[in-house]
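The following pair of complexes shares a single chain, chain A, combined with chain B in the former and chain C in the latter.
Moving on, here comes the complex of A and B:
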């Protein structure tokens, strides 16, 4: 059992009043008063429609809102649902709220929700983004149902995205977690997901929740924990992805939050991922892949320039991280004109794997390693945008699939690096 | 007439529902009788009840356990004679036990002489005593109640070559209450029993007395006119007697049956009963508080009749489809336990023989606003037999001891009106009055205790109720108050220990006295009053300022 000292006495008192639950919905918030109400309505409707018999609670973990967000959540009466579609629950539907700190931290928010899940012995839990103004009752139910009814431990979302949205996800996070852990979770890093009480307890006790880890988003860590601990995982389609306010425009920060978490997890999960040789699709509720191809203006030129400048400026750093052949190839393409430039999948995968191994071996400050990956990612992004400029949804899907296969094909290379043979 | 002249005696009574057939056989023919029932009156007095509700004991073909009456002015020969009944009634009154009897107003048996005359010819003077039609199309909007057995509310009579109306079994034709002669005759029958000395009637199936086209044929204004007429006559000629309504309806539809205190004295609160079971299974007070919130105020002279189980199935007519599905899944997973829209099981098996839950449910029965009505055998935790047809599984012989036929009868077991329960859990060897009388910790002894507490103050029968809504929804807490008396009741509906904080500031300065043990609890202060309760535990506290 993890240390629950983050829970206030008042919150403990509220948990006592709620008691054991079947369904727990966590809503981490910070100044979301303007957007949170539709999400709460969707949650309530999802529970009323799909789990009217179950013991359910909505838990708001608030990071010090000054706009009355918790009041909005607590004031959302379920009686309105009865008026709108004659829905009701047999039991009391609880809503409780706690202010865990005066500043937002998704790690502390999730930890609060996990601790509550453990204390309330929740069977199925989900976290819903307070900015999900387009989430519907069915989406909430889709997340919870596989855990509650079909005994899955983790449900990742699948969103309808624009083909150029989430490039880091499609070019690194998804293919690499897939290659390593053998399960095809398309959105391993998401702000909406569901998990079992068992996984909540497991993650709560495994994660050190150190002070510095409060700066990292733990969602990817939860996914990796599910994948590496033999949990039953699946995916559920939730529709269009909500705009995430807290998503940083700072790529370095995003790299730390995602790739940093992935790289750092590899050490403790080595026994698991090193033994996986292929990937398998996971059960999916709804379409497995859904992209829109509407025209979108992106300044590609700047990406290429930043890649080239980075490779040149960071040569000494990259020399410590990358193999000489990989660095040489990067230097070759860095000087190519834009219309000839192509950061091909094999080179990208090799570079990523070499970064992962260097991160593991701490050849330098791990944070510097992550920062050095940023210009390379920009180069890969440039290529992805160019290659898929006129692609249909299916073609984009094929390209991502080919990249995934490359990650899987080159996995032995990562193992060799990891074991020090390269 | 026994006891005090308190005209509102029914408000502070504890009723015991019994079928004479099932209680005690004094003649050795395998069927209970009035002489036998009279012999067991001391048992009922010692149990602490002070009113008996007798199920139908009139001559009948017994195709619906006596609810198909063939003669309203006599006693079925199986149960004895009219004189036996009078002797029983006197003996009950000597013990301060009131007796109300069943009166089936809505319909008769098709074997009743009235129906035989009515069907014999269209010109017969009794033709209009029943509801006839040349087609089966009128009143199509009326629901069918016994959906498991009846396809229509009309039945074809080959003798008179027309259809007759029946809301229940087809062998129970409905009387025509639009006919003044019928109303007059039924009042004469009631007078017959009132003159003998009965203390009141439980009127069966009252919502269905009148039919009107385009309606549900339930709860019609004309039905209330009939009832008001009966009540006025009763008050005028037999003050102090009472009428109890069987009207399985939603609270808002039930309310009119009290009128302005000029219709029924009491009516069963049907929707509350399944919700008590639901609340217990859900471990949530919501179903109970919600239905009581919807329950309208009734005139001061009126009273709700509360019950956990009775001779019928645990009716699920007054619940939503979702609630019904939940109840079936929770209490009647085995489909043989289901009948019509209900569950044909007794209290103890429904609660899985769990003494804590049985006590909790009885504790709520005794402390919620209304008059509690116990079903025979439930005070010792008798079981049921779902292998017997219809509702007969909850109508097996009373289990008096572990000897021959459970002490019910000296007859050969094969000749009993119903087989006794013999299984290891609920059989008469395991569950019987004699063995429970020997132990002060038995369910029977506990029931005596709780009934004594219930009757120790009129507050339970007449006091107001205010629900407390502690944040812990597994706890149902309420304060009953009358004058300067107040009793706090706290029930843990869950299978696990619970902590609960109660806002009792209104009673600041009072101390709590736990009623079952008489122990003191801390004085109420400004801060929330913290209580902990074990699984299914409950407290009754007197709030005293000393």
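Moving on, here comes the complex of A and C:
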């Protein structure tokens, strides 16, 4: 049964006019008029070239744009495309736009897209970031093809990025989801992904929407849902990563939206992750790891200073979260000079697992636990930057792999913490 | 003369014996009430202690910051303290009831005042508990936000917020108890005003150089940051 409670009557009428579809492409927007057109062109081209016989629809879920974003999407004519590709769809490529609210919320946007997918009985669905000016038709096809043709349930993206971009992903989210759920998804948190109609219905029915706040970012939740429910997952290379929203650059916000979702999901998925002992690679279309090593100026000194000050100032908070031995080690390294400082992987993994267990046990406000992790992340980031300052792409990949293995090796430690034996 | 004295003494002795005979049953009733009261208070204490342990009240108090205060004051755990407090309040209540049975003039009024005071005492304790909880929450929130925003002296900020909230809570508690409420209100006003004035002076005069350095660092850092890339965490 489709979750129609959040869909407006007008939107439902438009969906009914479209009827059942094979392919659904969701584009969540908010004031993206300047950047959305290339993404729409890529979507149209991807469908025309790869799925000309399939029934397809583009759903724009808009969060109250004031710059005419929905008009840009609805006005993007497919005729130019026909001429440039010399190809035609055998079906009408529909486009529908709906305003789900007057302010943006990625949870409501995704929920709208999932509900539409369920109502239209779409077989393969994808969400494309409206800021993806680099995405190409092949990228859209790469996301949809595994779901539509090969019956995968979830396709995560792989992006080309600078070796120092996405350190939270490479040092926490990827290694931890890999160690817990046993599948090596490199980008568990992404704004572009594809999923089957079955997974859409399943995720909708999990009813997390009413419990979570409007700030809840469901992307990581969808990945975890796919991993924990035994869905068939794979990865597809999409090229350069779309620009990150300014809000997600704020470390505390990013921590809430990603680590918060990961930690909170551990309670409901305990039966699944507690039984996994090793990780497996997942099928991947294109390169599995692609980083650039161009020079980048980063204020490393400030990272170290903020770590040291954070560990010393937050002693009373960290004492409630961490074990005494871990806290003592952190306090020891916090006073080291910059050239001797090293936040080694074992200490980092232990600290993260102790944070996860404390989050589960709610030793204090859960939001405060996440905020207390921020200074520690800065320390780990400093070490990552120093260790990989002159590293090649392969060496960076090896270092991340070693960290992942450390997360897997220490997983029994998390289980002991979880079960209260430590 | 002699007969009169003996007669008066006999009458006085009779009256004493009569009064004592009147008082004796009441005294026995009072002792029974006190004993039963002790028994009831004891049972209430044990039940309350079990409930609080089951509800992990100590952990809640730890989060509220009440446990730390008790430890500093060398007092028992919050569960033990609340249990003992309720025991004594219940038993004193029964003792008062017993005393009122004696029918001693003047005491009755005090007993009534004691029972009227009990609800205010409970409300005061609730205000104190939740006040400490709120003070602890906001102090930690300020500490974390200051550390993550790289503000100077995060602990000082946190302690200041905690102190202001606790002073405010204590003034509310004393007002509720009716203990020197005017004095407490005045003291709170003076203390709060002094803190604000102190902060103003500290920032205006004492922290002039610090503020100058902070602003300089802030602006120079912003300029520096503009030249440096900021890698996204995601």
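Observations
Simple rule for what comes next: the second predicted complex is superposed on the first by the 414 of 422 C-alpha atoms of A that agree within 3 Å, B and C clash if a C-alpha of one lies under 4 Å from a C-alpha of the other, contacts with A are read in each partner's own complex, and residues count from 1 in each chain.
Rule of thumb we're sticking to: a contact is a pair of C-beta atoms (placed from the backbone, for glycine too) under 8 Å apart; a residue touches a chain by one contact, two chains touch by 3 or more.
Source: prediction; values computed, not measured.
When the two structures are aligned on the shared chain, A:189 is found in touch with chain C, with no touch to chain B. Of the two partner chains, neither chain B nor chain C is touched by A:6. Look at A:167: by the touch rule set out above, it reaches chain C but stays clear of chain B. Look at A:272: by the touch rule set out above, it reaches neither chain B nor chain C. In the superposed pair of complexes, A:19 makes contact with chain B only, with no contact to chain C.
Contact with neither chain B nor chain C is seen for A:33 once the two complexes are overlaid on the shared chain. Comparing chain C and chain B on the residues of chain A they touch gives the larger count to C. When both complexes are aligned on chain A by C-alpha atoms, no chain A residue touches chain B in the first and chain C in the second. If you check the complex, the residues on chain A that touch chain B are 13-14, 16-17, 19-20, 52-53, 55, 89-92, 94. The touching residues of chain A, counted against chain C in their complex, run 162, 164-169, 189, 244, 248-249, 251-252, 254-255, 258, 296-299, 302, 306, 309-310, 313-314, 317, 320, 363-365, 368, 371-372, 374-375, 377. Partner chain A is touched in their complex by these residues of chain B: 278, 282-287, 322-323, 326, 470-474, 494, 496, 498-501. Residues 62-63, 137, 140-141, 143-148, 150, 154-155, 221, 224-225, 227-234 of chain C are the ones that touch chain A when the two sit in their complex.
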